[in-house]
Structure formats: C-alpha cells, structure tokens
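Each of the next two complexes has chain A plus one more chain, namely chain B in the first and chain C in the second.
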Partner chain A sequence: MNTSIWDWTVVEDVIPLLLKGFAVTLLATVVGSVIAILLGLLLAMARRAPTRLVRVPVRAFVEFVRSTPLLVQLFTVYVLLPSLSPFVIGASVLGIHYATYMSEVYRAGIDGVPKGQWEAATALSMPRGRTWQAVILPQAVRNVLPALGNYIISMFKDTPFLAVITVHEMVFQAQEYGSDHFRYLEVFTLAAAIFLIASYPTSLLVRRLEKRLGH
Partner chain B sequence: MGTFLTQLGDSAGNIGAAILVTVEATVLGAILALVLAFILGLLARSRFLVVRGIARTIIEFFRGTSLYVQLFWLYFALPVLGFQISSALLCAVIAFGLNFGAYGAEVVRGAINAVPKAQWEGAVALNMTGFQRMRLVILPQAWIGMIPPFNNLLIQLLKSTPLLSLITVADLTFEGQQLRAATGQTALSYLFLLVVYFILAYIFTLLMNALESVAKARLGRGGGLRGLFRLREADPTGRSAGAGAGGGA
Partner chain C sequence: MVLFEQVVKRFGSNIVLDHLDFSVAQGERVTLIGPSGSGKTTILRLLMTLEKVNGGVVYVEGQPLSHMKRGSQLVPANERYLRTVRKKIGMVFQQFNLFPNMKVLDNVTEAPIHVLGLSKEEAVDRAKQLLDLVGLGDRINQHPTSLSGGQQQRVAIARALAMQPDVLLLDEVTSALDPELVADVLNVLRDIAQSTTITMLIVTHEMQFARDVSNRILMFDKGRIVEEGQPDKIFSNPEHERTQTFLRAVLEER
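So, the complex of A and B:
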C-alpha cells in the first residue's frame, strides 16, 4: 500500500475511468442543451401568446422551476418515474431546468426586436407563424447566442448533480473510485482539472462571440 | 394524504430545524461570498499586473470548476492533505463562499466599471483621495447595479444547499427524504420540499428588493415601495451563471 499523499499510479488508474465518465458528462450536456434551447424558445413564445390562459401558467411554471433546486427536481422525477433510465431523466431534468433560464434569455431577445418589425409584418398581413419564423426569431436569436452559450457552460458544470440519481458521469466515477480505494485527493483534483480544462476555453470562445456580435 | 399531514405535523420540529440549517448555510455562504466578491473584484481592477493576474486566476479557477467538485474536494480530499475542516456545514459554507464569491467578483467589477466616467473625474476634481472616491462616490452608485445580479446569485446559492444532504448535514432536503421514508408518500413529500424552497427563494427576493429600494432612496433615485414584491429578474446575458473569461462592461 502506497502511503504517499499524492500517488501517480492512482492517477494512471483513474484517468481512463474519468474520461469514460466525461463522455457521459458531455452527452448529458449536449442532450440537455438541445432540450433547453428548443423548450426555452417554446416557453418564451408561449409567454407572448394572445391568451392569458397560456401566458399565466407558463410564467408560473418558469418561476417555479427556476426557483427550486435542481437536485430536488432530479430526485423527484427519479422516484416518480422509476421506469425511465437515470440518464434520460438526468438529461431531461437538466434540460428543462435550464430551459426556464433560456426562456428569459429569448424573451429579452424578442423584446429587443423593434416594435416596427411586428407592425410591418402586420401591415404585410403575414400570418403569425410566418412573422415569428421569418421576421422576429432570426433577429432575436442572433443577439442572444452568447447568453445561450453561457448557460450551456453553466449546465455543463451542473452535470455532477446527475451523480445523485446514479448517472455514471465523471464525478460519479470519481466518487466510486474514491470510496473503493480510499483515494480522494487524486480523483477529485483530476475531476476539477478536467472541468477547468474543458470550460475555460469554451468560455473564451463565448466571449469572442460576444465581441463579434458587438455586445 | 391524512397520514402525510399527521406525519408532517409530527416532524414539524425537525423540519423547522432543517429550514434553519438551510437558511444558515445560505446566509453564511452569502456573507463569505460577498466579502470575497469585493476583495477579488477590487483586486481584479488593480493597476498592478501581478495583483490583477492573481485575482483573475482565483476567479477563473472557482468559476471554471464545478461547485459540486469543489465541495467534495474540500470534504473528501482536503483531509488527506492534513487539513480537516471541523464540520461538514462549515465545509459547505466555505465552498459556497469561494464559488459564489468568484461569480460575485465579476459582478462587483462590472458594476464599478459601469459607473459613468464623469463621476470619477468629478471626484478627482474635488481633490478626493482614492479611498474617499471609492467610498463616497463610486461604490454607492455601483452598489445599486450589483443588487439584482447578487440576488440571482443568492437564489442560486440557496438552490445549491441541497448539496449539504450529500455530506451528512440534516438540511431541508435531508428532512424531506426522512419525511418520504416515514410516510411512503413520494410525490407529496417532494412537492412539499419544492414548495418550501420556492417560498424561501421568494422571501430572499423580497429582502433583496427592499435592499435595492433602500440603496436607491439613499441616492435620491427612489421608486418607492412599488418594486418591492416583484419577482427576481433573470440575467439575460447568462454571464452571472456561466462563462468565465472576464466580462466586458
């Protein structure tokens, strides 16, 4: 038994495991992002629906989901829908949680489109669907791309929460290895390093996108 | 339903205590985060490259690694190096403080940079020292801009406290799970838990709105009490939540 504080053989041992977990982490981020980007847009559009019967419940849903902890939401869905796989639940709940944040981003983008654009579309008697698709969204979405990027990075850093419902992502692997071998220092230091290596360059890219779009 | 309510009544004491633990972790974490945010945020504006560099590195490090990992590192890995933090709760408070302090530092920096240039020049023209300028002119104005993003961070901190239940602290989430085990009512227990968190988040938002009204009134920009009950605004740039690499502004 090696008694030194930092053991490089542990590092060699655990890196393949962490990378295997990292693949799951990335997949959860991608699936969650797709859900968040699409559902977020739907929620934002629903908050501009012509009837209050749609607007009010949607608003309540957004406020409730974004004011309650992701961890508890994960537990809730996990125990209520035992037939679904933990990964499906994890990625979906993560996606829905961030959809509520992204809906606010889209809403700001949509509000930023000048009123004249809506009026011009009305003057051309464009149907509502076509107004959204051809006039409003192309302008609204372009401006909010960096914000969506920021939330995707944030989502990436929240994926460890999925470990609590036994999704085998990176931190789950780290915890399991740590408790099996009683080596915590190496595994959590490496996990932190991998997060930093992945998220910092991505955040630089988002920053460049912000600059290019003139924010 | 009946048994659930009976059990809820029986464990009201435990749940009350658990809410206090959750609130305690949130408030202590927020205080530590606030102090670190100001220290790091001001250092990140230093004239000296080395000071700026150190502050930036700390900020980017804590923003770039996940809070979950930071907490587990402090709880499981730090004792290996010979530092045992005396309680799990303290461990979490430190992790919250470091993580949200790093996010808050960007808020502080951005808000100070957003104070119009004429205010700085005016203070210089009045022959104020650097310290006076900050304390009397810049910070009171920047502070107003900091409160809404601080509110978002505070709620995120509150929403991170269920992590306590993973490191053996009997917080609200822990007691919610006890309630579920005692009653077998999964859906009701978790719904109850979510509603309590929602109410806590709303109370914190009300307090922050009040703080904002006070700060504005002090500068004669008071909007009165109208804005007091409004819900928290989202951060449409996502900067307070996500990326590092230094905001513009």
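So, the complex of A and C:
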C-alpha cells in the first residue's frame, strides 16, 4: 500500500465516483431551489393574507422551521416517512427549509413596494390576484433576486447533510470511498474543490446581478 | 352623485371628519380647500375606498359605497362589494403612483383590459387617444421612470380616465411637481373639465386653478365645512374668519 500523504492514483480512482455524487448534489439543489423559490413566495404572500386564520399559522410554521436545525428536520422526516425515497425527502426538506428563509426575503421585497402601488391598483379596481401578479411581484422579486441567489448557493453547500439520510450525493460517496480505502485526504480535498469550482463563479454572477440592479 | 351622510372618520383618537354632511351633483366640480389635516384628502380616500368610515354612510349615485344592503339593513361593505362600486370612481394621486414595471401604454391599458374586459385593441386605442389628449402620444413605449414628474402625472390622469369613471378625484396632483411643470398638468385638467361632464372632487393648493374649474368651493377646518360657495364669492369675499385667514396665508405664499 502506498503510504505517501497524497496519492494521485486515489485521485484518478475517485473522480468518477465524486462526479456521480455531484450529479445527485446538483439535482437536489435544483429540486430544492424550485421548491424554495415557489413555496417561499407562497408563504410570503400568505403572510399578507386578509385573514388572520391564514397569517398566524403560516407565521408559526415559518418561525418553527427557521428555529430548528436542518439536520434534525431531515432525520425526523426520514424516520416519519420511511416509504419515501431518501432523495425525495432530502430535496423536499432542503427546499422547505430554505423556503422559510426565502419567504423572509420575499417579504422584505414585498414590503419595499410603496404603499402607493397598492392604492393605485385599488383605485383602478384591480382584483387582488392581478395586483400581485402585475404590479407587486414584478417589483418585489426584482429587488430581492441577489438575496435569493445567495440562498441557493447556501442550499447547495448544505446538500452534504443529505448524506446522513443515505442520499448518494457527493459527500456520501466521498465518505464511502474513504472508509473503504482508508484514504480521506484526497477524496475530501477533491470534494471541497468541486464545491468551490461550482459555487465561486455562481457567487460572482450574483454579485454582478447585485451591481446591475443597483444595490 | 356623491353624498356624505353624518360621516365620521377617526385615526386613533384624532377625529378627522366629524359628522360630515355634503353632496356633489352629477357633473359638478367641487374643490376642497383648508389647512392640512382638515380632512380634505381623507374625503377623497374614503370615496376611493382606500379608507373605511367609522360612522355614517357614503353614497355614490344613490348606492351606498361604504356599506352594502343586507335585507333592509346597511352593513359595512366587504371587499367583493367594494370591487363593484369603486369602478365608478377614479383617482389621481399626489405621488402619481404609476407602475414602474410597465411601459406608459401598459399603465393605461392594464385595468381596462383586466378589469373592464376590453380587448387589447380597444384598450390600446383608448389609451392612445387619452395619451394624445394629455400630450404624451409619443411616449407610449417609454418607462415611467424616464419621464418628468409632470409627464408622469399626465400619464396618471390618462390612466384614471381610461376606466371612464363617473367621478374623478384629484388629490393634490401638482404638489409633488417642480413649479415649472405645474402648468402643463393644470392645463390638461382644464381641458378635461371643459370637454367632459365628469364629476370632479379636487383637493389643491392652486387657488387660481380652483377658481377656473370649480363650480363650488368647500372650506374645511377640523373635519367640518366652515364655509361653502361659488369660487368668486369664496375667493373675493369670504365670510368666515377662518376662510379669510387661510386664503390670506395661501395667497401670500405665492
């Protein structure tokens, strides 16, 4: 057995495996993002509902999810719903977890739309749904796009938590390879490098978007 | 056309309208004057259903606006009822409140298409006509933010008229404008006053404009009407001491 600190044959050996895991990581991020972006918006709008019957429970849900750790949520749902595949649970819980954070971002964006916009829509007899769709959301979402982008990057970096419920994402693969071959340094360094290569350019993109929107 | 019956409006412990009675006839142009905080803008906002009354009833064309009939009783109006009655009323705001995410043309066609159910072609025709009327026919594809305040306000006037309301509310429509832009907006409104029979309720500090377009002036103080009459009479020969001091203060400012 090779006893040097860094073994390039390990690198060669593990890269295909890590990339296979990375595909799962990406898919979880995409599915999670779609859930977070849509559900987050829905939660933010529900917190502006005309009736307390909607506002209060939604607010309680958001606070609950935000004040408990993602890891605990993953475990709990995994144990409660054994019939669902780990990936479905992982991506959904990730998405719901981040939806509550994004709902706060949306809420700030919605609150940032001047009251006069609502009043103008009322003065034109526009129904509530149309007011949201045509007037409020286009202005609110534009202002918070960079913040949403940053949360997607955070979510991407939180995908390794899915390993604990046996989702075969990249860190799970790294862990398995490591324990099988007793080589951890190469695999985890590579995994970190892959995360960096993916998230750094994305964060640069978000920063450019921020500049363009004049933040 | 418009009838206020014993209307009370409070904000917290502050009584803004105190058992107010007044009416405006079909086609009449009425200007509300008075010191700030005297309740003028609140009257317009109640008519636009942006605020709710604390007492009394507001009627438009004989139909209750603040309330709806349930059996023989009047109960406070719900949102669905408000949506049907507020179509009769249009409003132009001090801060224009154009939709910055839409082009000028879309600002004017949005509600006719999605509220009145006009076809796109009809709505565009109507919008172009109105934008010509306010002198902005060549700006239809621009975004509101690229227009001056005076131009934005004229778009807002076109937008309100596109709904063909029976009553037009003008809430200090020149107060946020640079002085040199005021005249264009007022001229547009003078044209509209002359060429249509739309009922107008106007809150303004432009006394010459009020004099030109109004049939009647209502002088407000502390939520009550202290004096009313034809513009000539109010401006030349006010009877109430409060009106005299107010007008002196406003006219000296110029």
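Everything that follows uses one rule, which is that the second predicted complex is superposed on the first by the 215 of 215 C-alpha atoms of A that agree within 3 Å, B and C clash if a C-alpha of one lies under 4 Å from a C-alpha of the other, contacts with A are read in each partner's own complex, and residues count from 1 in each chain.
We take it that contacts are C-beta pairs under 8 Å (C-beta built on N, C-alpha and C of every residue); 3 or more make two chains touch, one makes a residue touch a chain.
These numbers were taken from a predicted model, which means no experiment stands behind them.
> Looking at chain A, which partner touches more of its residues: chain C or chain B?
More residues of chain A are touched by B.
> In the superposed arrangement, does A:L19 touch chain B (first), chain C (second), both or neither?
neither
> In the superposed arrangement, does A:F161 touch chain B (first), chain C (second), both or neither?
first
> After superposition on the shared chain, which partner residues are touched by A:Q117: those of chain B (first), chain C (second), both, or neither?
second
> Go through the superposed model and pick first if A:V31 touches only chain B, second if only chain C, both, or neither.
neither
> Taking the superposition on A as described, I'd like to know which of chain B and chain C A:R207 touches: first, second, both or neither.
First partner only.
> Touching chain B in the complex: which residues of chain A?
5, 63-64, 66-73, 75-76, 79-80, 101, 104-105, 107-109, 144, 146-154, 157-161, 163-164, 171, 174-175, 178, 184-185, 187-189, 191-193, 195-196, 199-200, 202-204, 206-207, 210-211, 215
> Which residues of chain C touch chain A once you look at their complex with the stated criterion?
That would be residues 48-50, 79, 83, 86-87, 89-91, 93, 95, 97-102, 110-111, 114-115, 159-160, 163 of chain C.
> Residue numbers of chain A touching chain C in their complex, please.
Counting only chain A, the residues touching chain C are 50, 114, 116-117, 119-120, 122-128, 130, 134-135, 138-139, 142.
> Would you mind writing out the residues of chain B in touch with chain A in their complex?
60-61, 63-70, 72-73, 76-77, 80-81, 155, 158-163, 166, 173, 176-177, 180, 186-187, 190-191, 193-194, 197-198, 201-202, 231-239, 241-246, 248
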